[in-house]
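Everything below concerns the one structure shown next.
Letters A, B, C, D, E and F mark the chains in the order given here, with residues in each chain numbered from 1 onward.
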Amino acid sequence: MTKPFKKILITGAAGRLGSELRRGLAPLAESLRLADREEIADLQPHEEAVIFDLADEAATMAATEGCDAIVHMGGAPMERPWAEVLDSNIRGSYHIYEGARKHGVKRVIYASSVHAIGYHRLDNHIDTESPVRPDSLYGVSKCFVEALGSMYWDKFGIESAMIRIFSSFPEPADRRMLWSWLSFDDCVRLVSAALTAPHLGFTISFGTSDNRVKPLDNSRAGHLGYIPQDSAEPYRAAVEARTEIADPKALSTQCLGGWFVDLGHPDDEAGE
Amino acid sequence: MTKPFKKILITGAAGRLGSELRRGLAPLAESLRLADREEIADLQPHEEAVIFDLADEAATMAATEGCDAIVHMGGAPMERPWAEVLDSNIRGSYHIYEGARKHGVKRVIYASSVHAIGYHRLDNHIDTESPVRPDSLYGVSKCFVEALGSMYWDKFGIESAMIRIFSSFPEPADRRMLWSWLSFDDCVRLVSAALTAPHLGFTISFGTSDNRVKPLDNSRAGHLGYIPQDSAEPYRAAVEARTEIADPKALSTQCLGGWFVDLGHPDDEAGE
Amino acid sequence: MTKPFKKILITGAAGRLGSELRRGLAPLAESLRLADREEIADLQPHEEAVIFDLADEAATMAATEGCDAIVHMGGAPMERPWAEVLDSNIRGSYHIYEGARKHGVKRVIYASSVHAIGYHRLDNHIDTESPVRPDSLYGVSKCFVEALGSMYWDKFGIESAMIRIFSSFPEPADRRMLWSWLSFDDCVRLVSAALTAPHLGFTISFGTSDNRVKPLDNSRAGHLGYIPQDSAEPYRAAVEARTEIADPKALSTQCLGGWFVDLGHPDDEAGE
Amino acid sequence: MTKPFKKILITGAAGRLGSELRRGLAPLAESLRLADREEIADLQPHEEAVIFDLADEAATMAATEGCDAIVHMGGAPMERPWAEVLDSNIRGSYHIYEGARKHGVKRVIYASSVHAIGYHRLDNHIDTESPVRPDSLYGVSKCFVEALGSMYWDKFGIESAMIRIFSSFPEPADRRMLWSWLSFDDCVRLVSAALTAPHLGFTISFGTSDNRVKPLDNSRAGHLGYIPQDSAEPYRAAVEARTEIADPKALSTQCLGGWFVDLGHPDDEAGE
Amino acid sequence: MTKPFKKILITGAAGRLGSELRRGLAPLAESLRLADREEIADLQPHEEAVIFDLADEAATMAATEGCDAIVHMGGAPMERPWAEVLDSNIRGSYHIYEGARKHGVKRVIYASSVHAIGYHRLDNHIDTESPVRPDSLYGVSKCFVEALGSMYWDKFGIESAMIRIFSSFPEPADRRMLWSWLSFDDCVRLVSAALTAPHLGFTISFGTSDNRVKPLDNSRAGHLGYIPQDSAEPYRAAVEARTEIADPKALSTQCLGGWFVDLGHPDDEAGE
Amino acid sequence: MTKPFKKILITGAAGRLGSELRRGLAPLAESLRLADREEIADLQPHEEAVIFDLADEAATMAATEGCDAIVHMGGAPMERPWAEVLDSNIRGSYHIYEGARKHGVKRVIYASSVHAIGYHRLDNHIDTESPVRPDSLYGVSKCFVEALGSMYWDKFGIESAMIRIFSSFPEPADRRMLWSWLSFDDCVRLVSAALTAPHLGFTISFGTSDNRVKPLDNSRAGHLGYIPQDSAEPYRAAVEARTEIADPKALSTQCLGGWFVDLGHPDDEAGE
């Protein structure tokens, strides 16, 4: 059987999820191009590395050449000052899509985030067509890229999946992650499903494991074929033993975005 | 790990479900206060008993003092004459909520019922936001308590779960229960989930096991974290062997409320 | 043409809206029976008066005899201590429905209230199938009667319209009424429409005039044939001239129920 | 236990699915009447055969006599010239329903098809109440029978299930079937569920196995009690090894109907 | 200004609505071709007549040649025996669409009917995407043509509007028409709007005037630009004076289809 | 009566709509601050002018000081190269919101655009909660600002209305504007309504006049109190006389965004 892709570009490849995806996506492409601002360790024969900053338009676009898919995990991974959000996430992602357009990339899988919808309540039970409700500049930048990807599909025919990653960590680290956790293996399953789905178009999917508390309706992304296999339940006892019960009336308990909803403006905190 | 609650009041504790909950909720609180009109048997060291009628405002409110959660299973458990429904279910539940308000109880889990929505058809596939459609005075009283609980959350910040119990019996007793059955263990799971959900606010949940016939959409209560583990299927052969096929065109077969939809007015039957 | 009804019972007939309805409904029935706790002034030849308290079951039921429709405007018209809400609105309305059932009344039009849904936000844009969200004991009692009317339709075939009256006053008295106002003439139009609609079954309708600010979707009641003819706009300048701008972030500005959402518990205020 | 039915008529009994249903439905009836245009092989003691063309009104109606349920799988199984679609599927199915009406048949289970909704996209995630969108004359004829069955329920009280079969083959034959496959065993499960559901009325259900890619919402048919047990996943590797990746932008990849959306008019192809 | 169409074919041109459309559509085309089984009276210079039966495939297809739009009002206008429904409405409409396809007709406006959805209740408040629920063989045939038109748009690019005409008569003839009436002028407005809408694709629209009782949601057809100008209200007093109040609990009062829901099978009535 | 605002900042005040708003909003504030990159003509006593580029963070933030409302019409008014969209619309609008946050501005009314949803079809009949579907970089930038405004409401309590202006010109200039036109007076009405609505929070509203063709559902913005008074109909004859009928199958005819959906990438056209 031929592999579905010749070369997949993975941005943010030196990061937490990038490393997992290096391993997990290897079966889907003849080779992987790994991109990051930092050095990539332990390059394998089917891998190549490119080091650049996403704000560098020429370098970013060059990195997409020769690829038929992009798994775009790069950029600021949390709330940052506006200048950094603007450069890494807004300008950087635009460069990625422009590279995709110029070089005929077919599919882009983007690491969007729960923080694009962080102010929705758990009991709203939103689905993937509910309006965005970002909880931070970081979240706003995710909304920007989602809108950008929508336009590149409608106008330029580049398929995109926007994976709204909730909490992807080695294991659930606090009580919120008992419902928001996305195991590394499920993250790989979800990105793989998006890369190989028969029809992608422009699809938004929530990224959580099969946790017991289910405050979301992900059924509109069912055509991706993502079936989570992991759950936070085996970690529950340990998490509950070492953490306090969260105040159920606190906004950060009620909202999908968790403590991001309590954050102030990053530029205030950075400098004042 | 600290237990989530100091003391849970269970009303109707001498009843069928009350007994199950005594056993099942023990791990969630340091002690249980068991309330009923009748004697409570076999008190355990972590249990205390209080005997009173819910229509007795002072006694009911006193029983809530010192508790941080209430599992309110008491009151008339089926269609009864108006005077009794009024006293047990309407006035009694008001007393419970007033006790909760006066004494700082945080969460109330209420045994609402399928009979609050009994006239909806199986093929309507309603969800927990569908309008009520009670099938009896008993059902109307459940709607009253649901409305009351909604108001105590919005105005006084007392979180409530309204568990619309379908048919909670040791095993499915007739063909309707092949889809409406809620095993005792699943009932305990559902009440426990409601007590420990990260955010409750005001939530309505349907209470059935994981039966094969699914005429409901309970997904909007997914944030409770209730995953039923039992099913009526193992009992199917036996039930079908000893019961007749119900007329598929009978209203009582088509409606969620079953034979309650065929009941007349309880006061007619009581006296005329 | 025969008039649609032989005799309509109007409860609360001595009240603000009752007086308007006496006048407005006269064309729809050969005679009107006017009920109130207080004396009814200026009885006309086509009118008869009955004086009783709705809490008096026998008197209330007797008043319904011989009528083929009931316009039930009686009961406590605002937040009151629980004992009064219970007697006037819950027990009283039950007596009305029992009278209707015993004496073959065909239609009941009930003065429900915005306070059954008072905690919904203006920008929720709810419709008449949205879940209730009462803002007071008064509102909870309205939810009870709505549930009761639903059951009397499904079980006993008595048709009901639940008119959720917003603010029915001679003219808009404050800024909230610029969107919540229901003119007396429109109130009569709405009750008349409900009485004469070809099919009523159990129908909930919002009761406002054709005001400019429209925070509701009343289209599911379109089969009543209510087309409001009045608007608060002509009163806007005067209202704005004599009142302050409400704080747009105050809960009472954001919620349909207005200042009811700020009320505490009526029993606290009554005695403590 | 009595079997639910005395005699079930299976049309198209010599066909691919008909043969499976002969075997699978045997436990539900004392005897089976097997109908087809062609000879039925290997008749068993509990089986009888009737050979006729569905376009023959008298023969078709006669075949329904004495049956209390019909599983109507007969007719043209794919796109055919109009004359054949008209005779086999439109006129033939009308004859079946007329037979059911004349002879008191209680339930009809009809082999409708994905091609009644073939132009809907996978990412539309339609449910069973979404508008039809047929992809062929064959699909239009399925819509006709669905409408017909709806009317026979509302007017004549004959219950019907419309099973929109996707791809029922021994195993998934191409990449589309990785999401559209309905195993023979699941097909039998679905038809059996429809025959024995407590309340059927008029119900549409999608017919697929529990495949990983889920482009549909079948929850509104949950009252049938169909829980698929099979999945296309075990066949994935083999299918992918021997088939090309479909163009994700091709209409036939994006639409539920697959290659039917690319078909021209059957009469053109038949003769020109 | 050029007229939008060169030649419009109007079928059923000798009928009640056909005559109105002859007059009303004249401004939209250089010439009209008027088709009917019966003679067309008073031919004008811009009109030509063709006389044939819709069941005659060759004649029907020939009649479409040279036209760029078809207003298809022909066929049986009410419940008829199956053979006639089949010939006039099913086969006849198929011939029309085949003619449109063969001869490059751009738009087809079809006189569908309330009877395609006749079993829906007034208080369901359905919209144009609600499932069909025909009340007669006539209604089923309308569903067939709607499905057919959908397919001809998706597959062959022929735009269609399905006008579900309620009661188009010179004036409201009974109490039902107080909500179901479509004035002749509004009928012309609706067909004209459909012919000239900027984008039609496949659109279903309800056809009623701006009556006071509104049991429908026609907003999804808002892109047609149909704004009714007439209302049944001016006729109300006269209609009410000469007709009885309909039983509000009768199915025929509750359902959109009116007395069609009480009809039996036409073949029973025709011959037995 | 006190005016609702002390000082309103209008950006883009020298532009087409800015000039209209200068005139129309004067009654709502004691003074207006008019901002643009270009000179503002004819300053009135109640007006002051500030000239700066929105990309200038310090100047933009300074311009917001002392204002209690902002009507933000500035920025690139159509598709432009990425660098300009980034500076004018993305960075510029961020500066506006930061100014609002730093200086306690209460309300921001933003000139969003149909191009945020330009790829939706007219027959989709979207509402204001439908997902965005931008048709250009310009449209993507509008989505960014909408997301930003949502976050500033949820996190910082600044109320915003996102007015998705369709085609605001002196009169309808082409056939598309027969449904997309927003008269200048209606534009002023809509912005005024948003400024004075009792509760705004974060609200999206479509901006069109009361045109005959209505491809949108704006009802979820009903709490703004915007009632359009103008219509494109009086201009229809003239427009149709001087323009060709648009191809109903062209994407630009079918989509809300019109010819924007046919645009390529602006950077290609600018230089390559």
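Couple of notes before you dig in:
The working rule: contacts are C-beta pairs under 8 Å (C-beta built on N, C-alpha and C of every residue); 3 or more make two chains touch, one makes a residue touch a chain.
Heads up on the chains, UniProt names are A, B, C, D, E, F = NAD(P)-dependent oxidoreductase.
Keep in mind that what you see is a predicted model, and the values were worked out from it rather than measured.
Path length between subunit A and subunit E in the chain contact graph, taken as the least number of steps between touching chains: 2. For chain pairs A-B and B-C, the one joined by more C-beta pairs in contact is B-C. Both copies, subunit E and subunit F, contribute mostly unmatched positions to the interface they share, with under half of the numbers common to the two. Chain geometry summary: the mean Cα position of subunit C and that of subunit E are 41 Å apart. A separation of 52 Å divides the Cα centre of subunit B from that of subunit E.
Within subunit E, not a single residue touches two or more of the remaining chains. Interface note: chains touch in the pairs A-B, A-D, A-F, B-C, B-D, C-E, C-F, D-E, E-F.
Subunit A meets subunit F in the complex at residues 82, 86, 90-91, 94, 98, 101, 116, 119, 129-137, 139-140, 143-144, 147-148, 150-151, 154-156, 261, 263-265, 267. Against subunit A, the residues of subunit D that register as touching in their complex are 121-123, 125, 175-176, 178-179, 212-217, 237, 240-241, 245-246, 248-249, 253-254. Contact residues on subunit E toward subunit F in their complex (touch as defined above): 1-2, 4, 106, 157, 159, 193, 197-201, 203, 219-220, 222-225, 227.
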